[in-house]
Each structure stands twice: as structure tokens, then as C-alpha cells.
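Below are structures written as C-alpha cells.
There are two complexes below, and they share chain A, which is joined by chain B in the first and by chain C in the second.
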Partner chain A sequence: MDKKKLTKSARDSIRGWMFVSVWVIGFLIFTIYPIFRTIKMSFDSVIISANGLITEFVGFLNYQNAFLSDVTFTKALIQYIGQIVLEVPIAVVFSLLIAMVLSKDIKGKGLMRTVFFLPVIIISGPVMEKFTDMGLMAIQGTQDSSLIDSIIMMLPETLGTLLSTLIDSFVMILWFCGVQILLLLSALQKMDKPMYEAAHIDGASAWESFWLITLPNLRTMIVICIVYTIVTISTFDTNPVISMIQENMFSITSGMGYASAQAWVYFFTLLLVIGFFMLIYGPKKANLYGNSKAVKQQMKEYEKVIRDQKREQRKLKRTAGKEE
Partner chain B sequence: MQKKAQRIGYNVMIYGFVIVMGFVFVFPLLKMISMGFMTSDDLVNPLVNWIPYSFSTENYERAVRVMGYWKTLGTTIFVSVTPALLQTFTCSLVGYGFARYKFKGQNILFALVLATFIIPSQITMIPQYLMYKDLNLLGSVNAYLLPAIFGQGFKSSIFILIFYNFYKQMPVSLIEAAEVDGGTQMNVFFNIAIPIAKPGFLISFLLSTVWYWNETYLGSLYFQGKIKTLPIQLQAFVESFNKLVASEGASGVTANEAAQMAGTFLVIVPLLILYAFTQKWFVEGIDKSGITGE
Partner chain C sequence: MASIQGKKMNPTRFHKSQLKFYAILIPMAVVMGLPIIYIFSQALKPLDELFIYPPKFFAQKPSLDNFKKLIESMLGSEVPIYRYFFNSILSTLLTVICTIFITAFAGYALSKKDFKAKGLIFEINTAALMFVGAAVKIPKYLVIYYSGLIDNFWVHIIPGLAMPVGLFLVKQFMDQIPDALIEAARIDGAKDFQIFMKVIMPLSKSSLATVVILTFQAAWNAIEASELYLNADNMKTFAYYMTTLTTTGNDVVGIGQAAAATLIMFIPNLVIFIFMQKNVMSTMAHSGIK
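Here is the complex of A and B:
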């Protein structure tokens, strides 16, 4: 029995690798290899012909074209950045609001949870396209408003388009919130109730305890929600940038090399956007409310109050037990 | 007195918010259903807002023909359920490996799993497309199945995370007891781990099915028009509509809003039915999966 000679940790190592090996193989074939091939292709001119692919090294030409010659691409990219920067905060704030309301003891909570999660099940590119075409995703009552139209006309073109897409697809932003609402809701429900009670006893208003207790405690979850929202919106079918990349794949003039370069530019933009959000609201950063000394002091006091309360309760129980 | 007034005000605010938000969420769906029943006269009639004058099922009947509904439905179910099954199974194995064992390189590997969530498919799809072309997988469901088997399906990192969290909750003492009794690792996995992670299997399978169902970006690329799912059919709805009308010789019928909404409704109604029966698992599964970070 060779097996017995192996230590437990060595055995665990082998077994662990055995279980995850499927993923590792898949990762190498379907992710790592394609990533490197896309890098290589982005420096090539790739054209599909009857005899297979014809590739030719062209250096940075594809990237140059993407930024300097292809006006539609840069425009779509800027539009995409603006859209994310605008929509992600809206989505996260609404998710948080809805989750907080649902975490209260209200009637019909289960039903509302079901309603808010429903869009996750049915959301797909073509369906959203149809809804937006019919104006069903717009803020109702704004479609034919001359005031909004004139505001859009007054703004510079990029901002104007941004505002009009925001209005036209506002409900769609909310529809992206289903998962986030549930994540925040279950994080809220796991939060320490006595903490709030102690804060309340100390005279903290609901507003204060939101900023001092709820938000700092939810920080990690909110960060997860921000990333999730960014990725969901970025990979959604109606995103003009990604449909452009697919179109270019089969275009005779640009081809797969150019599409690869665009894909890389797009990925870096996505990373930059995530980085931007993490700078503003990342994990573990010293934050105005969560980590200030005064707040920590306050927290300690709350914890002390809670301990005292518990001790008091135990005492009461003991005396009650004696009386019996 | 004042306190009571305050509480009433608070309740009005809370319920008001929930009801308004709920309505905003379902508004497009309600409008879609109502529009689907409208005739072209109703659409232009300013007096008709929600309830059409004459309920016409014509739009739905025609949409069924336009999309070849029943056949397409069967295809869609097949194309979304099979990869979902494979993906769920693989992710359950991988999640178990991460949760149960300590091994070298584990942390890096797990970080990679999570990182794949951020990598957009645009980065990998071109070489994947060429690969499937060489392997003759284009235009068949295998282009979905192959990555799914290897844990590289749609959003598989989420499912691995879900399983990881479920298996982390396994009592170690139970496993050790089984091992002392001579159970093999596979025995432990099948007899102890899987039963514990049952809700994980359910939520993963359901979410995965739904996400495969709704995917059209990669679907249209890999299937090359040879496999048509309902959302892909919806993409080409107006075009196929006009073709059908021309072949049926019905003049004056256009793919108006009502017709398109009827088509949209037919595409999502199977999902709505699925959700009606499984919403509890969806909603509670996410709660139980412990993604909420312990």
C-alpha cells in the first residue's frame, strides 16, 4: 500500500487537483490559449479565404486604425464609458434602496422579492431590443416631452445621446438589479440587530445609523454588486461595442485581426472602468464613516452596551430560575 | 399622537416606494401582454390605452407561425438544458475540490476562477470560433457543450462559487467518520456532499438554463443560423414576418407593434412559466448559497 506512505496533506493535494483538473484543462484550452491567440491576432491582418486564414503581421496598425481611423468605434467606446459611469451608480443605489425596504417587516415581502428578481429570468438582447423599440423601457411620460427634447438638443452631442439613452432605457437599468437586490438583501438580514438597538438607545437617528452601521458593514457586498453590474452591462447583447466587434470579425475590409485589437481595447476599457469605480469605492479603503477613529470608538461603546445588556439578561434569568 | 402619525407616514412611504417600484418593474410586461392582443386599429386609437376594443388572438397565432414556435421551443429547451446540466455537474466537482481539500496553488487557482468572470467573451470568442470551425462544431449544440463540460460555460465562475460555498458548509466530522468507515473519496462526494448541496444543484441548473436560453450573442456566432433558438428567432422577427405574410398572400398586414409584442411574449412565456414554479428556489437559493460572503 503506497497510499499509506503519503502524508495527509500530500494526499489532499492530489485529490484536490484531481477534482479541479477538469477546470484547469478547460481553462487552458478555452481561455488561456484563446487569450494569447487574440493577442497575436491583434497584431496581424487576418482574412478568411477559401484556402483558410491568411495572416500577415502588421504591427500596431490595427490599434492605430481603431483609435485614429475608425470614428464609429471610438465614439461607441466613449458612449459605453459614459453609460457605465452613469448607470452603475443608479443601479447600485436602487438595488440598495429596494433591498433595504425589503429587509423591513413589510407585508408581501416574498411577492415583491419574486417581482424584483423576475427580470433576471427573462432578460435577453432581442427581448430588450423590442421593449426599448416600443418605448416600454423609458421613464413614462417623458417620451414626447418637449422640455427634455430641448435639453437634449442643447447639450453637446455625446452628453445628449447619453441622457436620451438613459431616459429611454431607465427601466432596463432597474431590470439589471435582480441579483444585486437579493445579494444585498441577504447581507442586510445577516447584520447584527443589537448594534442598531444600541445605536438607537444612544440616540442615533435612522439616518445616522444608515451611514455609520449599514453602509460600512455592506461595503464588501456593495463592491461585489458594483463589479457584477459593470460586467453584466458590459457583456449584454445590446452593447454597441461588442456587436461592432462581432461584425468586424467577418468583414472583408477589417477582418479578425482588427476585431481582436478591438476586443483588447474593449477589455482594457472595461478594466479601467472597474479600476475607476474601485478607486472611488473600493474594498478596505479608509472611508469617511467606516474607519474613522471616532466611529470605531463609538462602535466599541455600542459593543460594550450590548455586552452589558446581555449580562443583565443572564442575571435576570438566573434570578428568575432561583425564584422558581 | 405624534408618534402614531410618524409611523403612518413611514408606512405610507415604505409601501408607496415598494408598490411604485414593483409597478415600474412589471410595467413593460403588462404592456406587452396587452399590446399583443390589439388590432392595428386599437394601436392607433388614442382611446385605447390598456384594454383593446376587440381581443384579437390573431397576433399570437401569426407569431407562432412566424417563429415556427413549437419546433423552435423544443430546440431552445434542448440547447439550454443540456449545457446547463453539464455545466452544473462540472462546476459541482470543481467547487468540491476547492472547498474540501487544501492543495498547492489553490488560492491562485481560485483567484483565476473568479477572474474569468470579468474576462469578456470578446477576448476569447475569435480563437474559439476558429477552433470550433476546425473541429466542425459550428452549427451544432456541441459548441456550447464542449466548454460547458470543461467548466468554461457561461458565467461558470458564479456556479463554482455557489458550489464552493455549499460544500464549505459540510460538517468535517461527518466526512471523517465516513472515511474511517472505509468510504472512498467518491463515496463521500456522492453520498455526503451531493445531498448537502442539493439546493446548490437546483439553483445552478436553473440559472444556467435561463442564461443559456437568453444568450444570443455567442449563439448566433457559433450556431451560424443552423440552430435557431427563440430569442434568435425574435431577432429576425420582422424579416420572417414579412416573408410569411408574402407567402400567405395576406396583404396589408405589417409587423406592427402588436405583432412584435406578441412575438416577444411568446419568447419569454416559457421562462415565466418556469419561474412561476421555481421562483422560491431561485430566490432562496441565492440566499442560501452564501455568496453574501461569510
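Here is the complex of A and C:
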């Protein structure tokens, strides 16, 4: 084919593929192919033997086992859902709080930002595991408190374990917030200062302007933060469900096939959880000026005025053109 | 990139009205900072203090005993210790350099070029971010086995090159670069590759800095390759050597060495972060915004 005859868009797409190809090849081989391989494995019974892997098709048996005969797995899943529902709001509210404080003018802001972002750099599997083992992730001083122990004893079992994991990993939750804080911070700094001033002049308290201006404006960003938090907590190495999958993978009785089935169940649970959060606090069409009815009314009026003005201008132009 | 001071981010004077903010910030910062300090104090504790119950936060009699013992057992190992260091440094360096270019190429194409399947690639990438990494261990082993990478030094480097998080960040950041700049360069006669090297790379420096940090961390701490794909001891990495110290051998002595080893493993991460910090801050701030 003659190169000159190619249209600009065709050339563009060839160049695009050229640039992306190396990455796509690596991604397909080392990420996508293994993931798809696990789909097939989840329908097999896989036994690791001296001669390599012996696979045998067993249909939905692995999935059946996961839900019907394995007590620990469903229990861990339910606990995981509880943990997410509890921890995500804490993480997001905390990030929002810190981001709002950091967006104010205070001395040492740069340093503070670094401190809050630093954990992101350190959270790598091995170090973190050591921390949890040492009990460092708990709120200091609460570990052996008899009051908390007795409260936990009084609650029903699932709630009790939830509360105790929450206490044990409180600092960890805060550690997950680095990226979210930065995202919210940047959104906050892009917000219109005059809007707050106008609200202030109209007699709105700081509290009111938080609910009516800040929150509605941050909505899209908060949604991103929620998804981000769910994904980080769920794919983290020390997550109980993940360590369970990892254990099953090399165990002789259950094996890789079962572990793959579990991984897929887990993946879909994760998507469901994200869906659930989206239902509660999903992305609505972002409205730059808040969502309150009065504001909307006002905006409509402004738009009308602007439209009228434009129409006037056009009319003027047309008449001017005719006169010439 | 202007420095933090250059942007006048920090107010120049302290004022009383700022107190209430400190009341929230400082306790939170302390809670988050404690574990980092703990790594240091743990490494400095002599053996008897490590076992005190209830544990003390700060070392009462800080000593370098743990480090001495660590060095002793390093000198006693079969493969000379510098070999592990060399492997780690070489593999980390190669991984970081290759990843930057591959990710930047892909990010540029996905952000600035128009072709079919472009959106699809990015969406699959985002979905892959969420999949359980642990579950693909065996299929990944098979891939590596069939591609002949077993017992090959490149196994440290090649599997990690296509990093989903990296592409995500870089692509989002490159979306911010105005198309007009690229068009201007093209009108001035720049070829695609020149545009990439002279316009795109310098402008996305800060998001690439983030990728550097993330890759560095992953590569420096990686033990998977040494554990699963390599048999020869002289190809394994320093991180792997550190974990063998803590898991095998004498448990009681091991704990002191482990504390020292954790600190040693942690310091490069911290140094890289401090060097790249300013750039990272601005990428993260842009990555989520359309």
C-alpha cells in the first residue's frame, strides 16, 4: 500500500498501535492470559504431581463446594463485606476531613502532606504484615482493655469480630488514605472561592456551606475515592479472603481449581460491593453550583438572562449587517 | 515543576487562627507516623528488650548489636553478600528504566492517538487492577515455564514490565497535556518519536516519577522471582536473602536480625520517596481528574 494514500486517521491508528504494542504484548502474556487461565481452572480439579499439573474437568463442583460445603469461605466473605462497609466510610470521611484541613492556609502544610502521603510508599506487603503481627496497627492502648473486651463479648459473634478487627487495624485504615487525601485536596483547591464568599454574605454558616457547596461539588471525586478505597482494601495481601485463597492453592485436598473458583467468586463479590456503594452514593450528573433547589432556580434564571442577552446581540448584528 | 515553596503553598507566618487545624492534624500525623518511627527503634533494641512484655516503644539502651549480627551472618553465607546486592540493584534498575519507557509509550498512544480498541484496552487494564494477584500464581508460573524464563536472570524483570497501575496514572496525566502542543510540534516538522521524547516525556515527568517510585518499590521488595522461578542461589536478590534470614535459622536471634533487616530494606524506599516526593504530589493530584 502506498503510504501517502493512507488517511490521517489510519496513519494515526497504526502509529498508536506501534506505541502501545510492547505494553499490550506484555500485558496479555503476563496478566490477561493467567487471569483467563484461572477461569478454566476453576472448572477443573487440578492436582500438582511430580509430572506436572493433572487437570480433570469437574463442572461447577468447585463453585458448589465454595458455597455449600466450605463453611469458612462463606463466613470469610460475609466478614469481608462487613469489613468493607464499615471501613470504607471511615476512610473516606477521614480523608475528607484531612483534605479540608490541609486546604486551609496553615504553616507546615507541605510537611503535613508528606506525612500523610508517606504511608502509601511504605505499604508493601512484607513490612505491613510485620506491623500487624506486632499489633502496631491497633489503636495504642486499647489492645488489652477489659472494657472493650467485654463489649465485644456482649455483641453477637459477627458484629464482635467486626469490631475487634476494626480496632486492630484502625491505623491501617488511616494508612490507606494517602492517595484519597491528595485527590480530594486537589478537588478542593479547584473550588471557587467567590462561591463561599457569596454564601457567607448571604448568611450561611461554615457548616451550611459545607453541606450545600463543598459536598455536592466533591461528589464525583468522592465516588472515585470510594472505589479506590474498596479496591485497595480488597486486593491487599493481608486481606483474610486472599490469604485463604493463597492457602488453598497449594493444599493437597482442595488445590488450585478450588482456589481459582474462590478467586472468581471473590472478584464478583468485589464488583457487587462497588455496585452497592454506587447505589447509595453514585455519580449523579455533577452540578457545579450545588444541588439545592433554590440554587437551581437561580441558575435557571441566570441562564435565561444570558440567553436573552445573546439573542439581543445577534439581532443587533443582523440589523447592523443589513444596514451595511 | 515549581517547588512547594515556589507556589506559595505555605503561608509565611504563623497565626493564632491556625491552632484549631493543628489540633486535628498533629494527633492524626502522630498516629500515622508512629509505625515508621517504630521500625527504627525496633532495629536499635538489644535482644533482651525485644522480648520485654509489655513491649516498650522506644529502645531503652539503643545498640547496633542487631546490625553486627546481621553482618556476621551475611559474611557467613555461601553466596557472597555483594552478589545479592548486585542482583537487586541490576534488576531494579533495569525494571525501572524499561517500565518507564513501556508505560510512557502505551500511555501516549492511549491518550493522544486515535485507534480502535483504545478504550477497551484501558478498561481491561482498570479491571485487571482489581483481580486477586495471588490467584494467578500457578498460571503465571506456567507462562514463565513455557517461555523459558525459569532460571534466567530476566525473570526478575520481564513479568513486571506491563504494570496496570502505572499505565492508569500515566494515561490520566497525559490526558491533561493540551493537544495544541503536539500539533504545534508537528507543524514544526517533528516526527512522532521526536514529539514523544521532546514534548510528552518532559511534560509528564511528574507522573513518571510516581511510576518510578511504585516500580522501584515493587522491584526492590520482590521475592517472588527468587522464590519460585530461580534455583541458582547466585541469581537471587537481596530482598529474598533478607527473608531467609528471618524465616530460617535460630528464631530468637533471628528476630533481632529481622528488625535490622526491615530497616535496611525500608531505607531505599524512603530515600527514593524523598527525592521524588514533590513530583509525586502533583501526579496524584491530577490522576483522578478528567
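As a working rule, the second predicted complex is superposed on the first by the 276 of 324 C-alpha atoms of A that agree within 3 Å, B and C clash if a C-alpha of one lies under 4 Å from a C-alpha of the other, contacts with A are read in each partner's own complex, and residues count from 1 in each chain.
In the analysis below, a contact is a pair of C-beta atoms (placed from the backbone, for glycine too) under 8 Å apart; a residue touches a chain by one contact, two chains touch by 3 or more.
Source: prediction; values computed, not measured.
Asker: Determine, for the superposed arrangement built on chain A, whether chain B and chain C clash or fit.
Answerer: With chain A aligned, chain B runs into chain C, so clash.
Asker: Looking at the overlay, what does A:L174 touch: chain B (first), chain C (second), both, or neither?
Answerer: both
Asker: After superposition on the shared chain, which partner residues are touched by A:I224: those of chain B (first), chain C (second), both, or neither?
Answerer: In the superposition, A:I224 touches chain B and chain C alike.
Asker: Which parts of chain A are in contact with chain B and also with chain C?
Answerer: Shared contact residues on chain A: 9, 12-20, 22-27, 29-31, 33-35, 37-38, 41, 53, 94, 97-98, 101-102, 104, 106, 108, 110, 112-119, 121-122, 124-127, 130-131, 134, 136-137, 140, 171, 174-175, 179, 182-183, 185-187, 190, 221, 224, 231, 234-235, 237, 242, 245-246, 249, 256, 259-260, 262-263, 266-267, 270-271.
Asker: Can you tell me which positions in chain A touch chain C when the two form their complex?
Answerer: For this pair, the touching residues of chain A are 9, 12-20, 22-27, 29-35, 37-38, 41, 46, 53, 94, 97-98, 101-102, 104-110, 112-119, 121-122, 124-127, 130-131, 134, 136-137, 140, 171, 174-175, 179, 182-183, 185-187, 190, 221, 224, 231, 234-235, 237, 242, 245-246, 249, 256, 259-260, 262-263, 266-267, 270-271.
Asker: Considering the complex alone, what residue numbers of chain C touch chain A?
Answerer: 4-5, 9-11, 13-14, 18, 21-22, 24-25, 28-29, 31-36, 38-39, 55, 102-103, 105-106, 108-110, 113-116, 118, 121, 124-125, 128-140, 142-143, 147, 158-162, 164, 167, 192, 196, 213, 217-218, 221, 223, 243, 258, 262, 265-266, 269-270, 273, 277, 280-281, 284-289
Asker: What part of chain B is in contact with chain A in the complex they form?
Answerer: That would be residues 14-15, 17-18, 21-22, 24-29, 31-32, 35, 90, 93-94, 96-98, 100-104, 106, 109, 112-113, 116-131, 146-147, 149-152, 160, 185, 210, 213-217, 221, 231-232, 234-235, 237, 257, 260-261, 263-264, 267-268, 271-272, 274-275, 279, 282-283, 286-287, 291-293 of chain B.
Asker: Once bound in the complex, which stretches of chain A touch chain B?
Answerer: Against chain B, chain A makes touches at 9, 12-20, 22-27, 29-31, 33-35, 37-38, 41, 53, 94, 97-98, 101-102, 104, 106, 108, 110, 112-127, 129-131, 133-134, 136-137, 140, 171, 174-175, 179, 182-183, 185-187, 190, 220-221, 224, 227, 231, 234-235, 237, 242-243, 245-246, 249, 256, 259-260, 262-264, 266-267, 270-271, 274.
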